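So, here come the structures, one by one.
Consider the two complexes below, in which subunit A is the common component and subunit B and subunit C are the respective partners.
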Partner chain A sequence: MTLIKKHIDNSLSVKLEGKKESIYELENLCEEIGDLWNLNSKNRFTLNLLLEEIISNIIFYGFDNSEAKYIEVVANKEGDLINVQISDNGIPFNMLEIESKPKEVKLEEKEVGGLGIHLVKNLSESIDYMYQNGKNVLTIQINIS
Partner chain B sequence: MNLKSREKGKYTIVEIEGRIDTSNYEDFAQQLQIFIDKGVKFIVFEMSKLEYISSSGLRIFLSSLKTLRAIEGDIALCCLSEKIKNVFEVSGFLDLFGSFENIDAVED
Partner chain C sequence: MKITATQVQSFNYFQLEGKFNIDYIAELQTEIDKAMKYGSKFFVFDFSKLEYINSSGIRVFIKLQKELKLFDGFLTIFAVNDKVSNIINISELNNLLRVKSSLKEVMLELGYKI
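After this line comes the complex of A and B, so read on.
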């Protein structure tokens, strides 16, 4: 069970190990955050989906085998916006550089790769990326209005 | 995730209950493959009890649709909640699948 830390500025933070099992903890984590901030089911769904897509991408593609791997999630709520910062010490990767998929394509041309990133780009209010002090730092905003 | 199936005319109606995510999408894929191996060609997913889906689950919908269309079968969707419908829409998947307003509209 991952412990959510509540900070004096009302932000929440969680440190996850960079392994597949951490993805399975996200449902409960989002329920806990949803309870703390009284989020409705649609916003819990979006939070869960964005975290699952981002964190599974880091875990499956972002780490080599050398160092201790971790992902840190820090979230805060400002009015109708939730800011979520996800940082990891894996390989530098900026999802904003990945081309978004065209929506209208025929079935036979439809590919399964990159769908998670497409969802993150389209369901987030905003996305920022920086590589700082050896860490990928991705910040997304979710509009809960 | 639980799947419950029944026959209606040429269709196999598969009711999905719960979540399809990174933890269980392989199980979902295996269950669908069992239907296809048994000769099922037309599937209607009854999705009113599907609570959550991520890209790992959406990929299985797409690969199953490709598999069935290749043998002149098909997949249709029914009874999507607003949340699920939105994810299919944003993914560009909604127009790829046929759909039914409700299960009664599925022909016997």
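After this line comes the complex of A and C, so read on.
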């Protein structure tokens, strides 16, 4: 089991390997976050879904074979907002550049991966992306009020 | 997650229990494929004990709905909790298939007298 670090500023962090098995670690991480900040079941559900969608996308589509793959997750809480920063050393990818499909595009015609991004965009309070020092850094905010 | 697949009257009845995450997609797909091959083209999914679904899970239902269109089939889900319902609505899956509140409502739509 991957070590989840609790920091003195009340944030949590975990470093995951960029492989499918890491997806199974997310439930533990979400439980830790949920317990630490007393999240209700709706917010735990949202947090789990967002992390699973983002990290699955990185693991399945975000790496080539030439590197040591890792994903780092750092979470902290400010009032009613949870900030989660997800960084990885994979191929540069900004999900904000993926246009949301117009309503008239039928759901069954949307490409694989697009639905997960659609969920992330709709469930997050805000999303920021930058590519810095060879890393994708995606920051999402979740409103828990 | 626990997947229970049975034949009830003239339709395939699936009960999904727990968290439908990436691990169970292949298992549910296998059960659906079996039912498609040997059973009726009417599918009813009981979501009353389903606690979690993600985009991969939603895609299983999109794929099934596409296949059933070719056979004049029928796909409905019922008893969806609020959290799962929110994901279904954001995904617009509610526009693609029938979402009912109870099995009774499903049976009435299928023409069974309760």
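FYI, the second predicted complex is superposed on the first by the 134 of 145 C-alpha atoms of A that agree within 3 Å, B and C clash if a C-alpha of one lies under 4 Å from a C-alpha of the other, contacts with A are read in each partner's own complex, and residues count from 1 in each chain.
Going forward, contacts are C-beta pairs under 8 Å (C-beta built on N, C-alpha and C of every residue); 3 or more make two chains touch, one makes a residue touch a chain.
Nothing here was measured: the structure is a model prediction, and the numbers come from that model.
Set against each other, subunit B and subunit C differ in how many residues of subunit A they touch, and the higher count belongs to B.
Of the two partner chains placed by superposition, subunit B and subunit C are both touched by A:23. Judged by the touch definition given at the top, the superposed model places A:77 against neither subunit B nor subunit C.
Judged by the touch definition given at the top, the superposed model places A:69 against neither subunit B nor subunit C. The intersection of subunit A residues touching subunit B with those touching subunit C, taken from the two complexes, comprises 23, 41-42, 45, 48-49, 52-53, 56, 103, 107-108, 112, 115-116, 118-119, 122-123. Within the complex formed with subunit B, the subunit A residues making contact are 20, 23-24, 27, 41-42, 45, 48-49, 52-53, 56, 101-105, 107-108, 110, 112, 115-116, 118-119, 122-123.
Put simply, subunit B touches subunit A in their complex at residues 19, 21-23, 52, 54-56, 58-59, 62-63, 65-66, 69, 82-83, 87, 90-92, 95-96. Within the complex formed with subunit C, the residues of subunit A that make contact are 23, 41-42, 45, 48-49, 52-53, 56, 103, 106-108, 112, 115-116, 118-119, 122-123. Only residues 21-22, 52, 54-56, 58-59, 62, 65-66, 82-83, 87, 90-93, 95-96 of subunit C touch subunit A when the two sit together in their complex.
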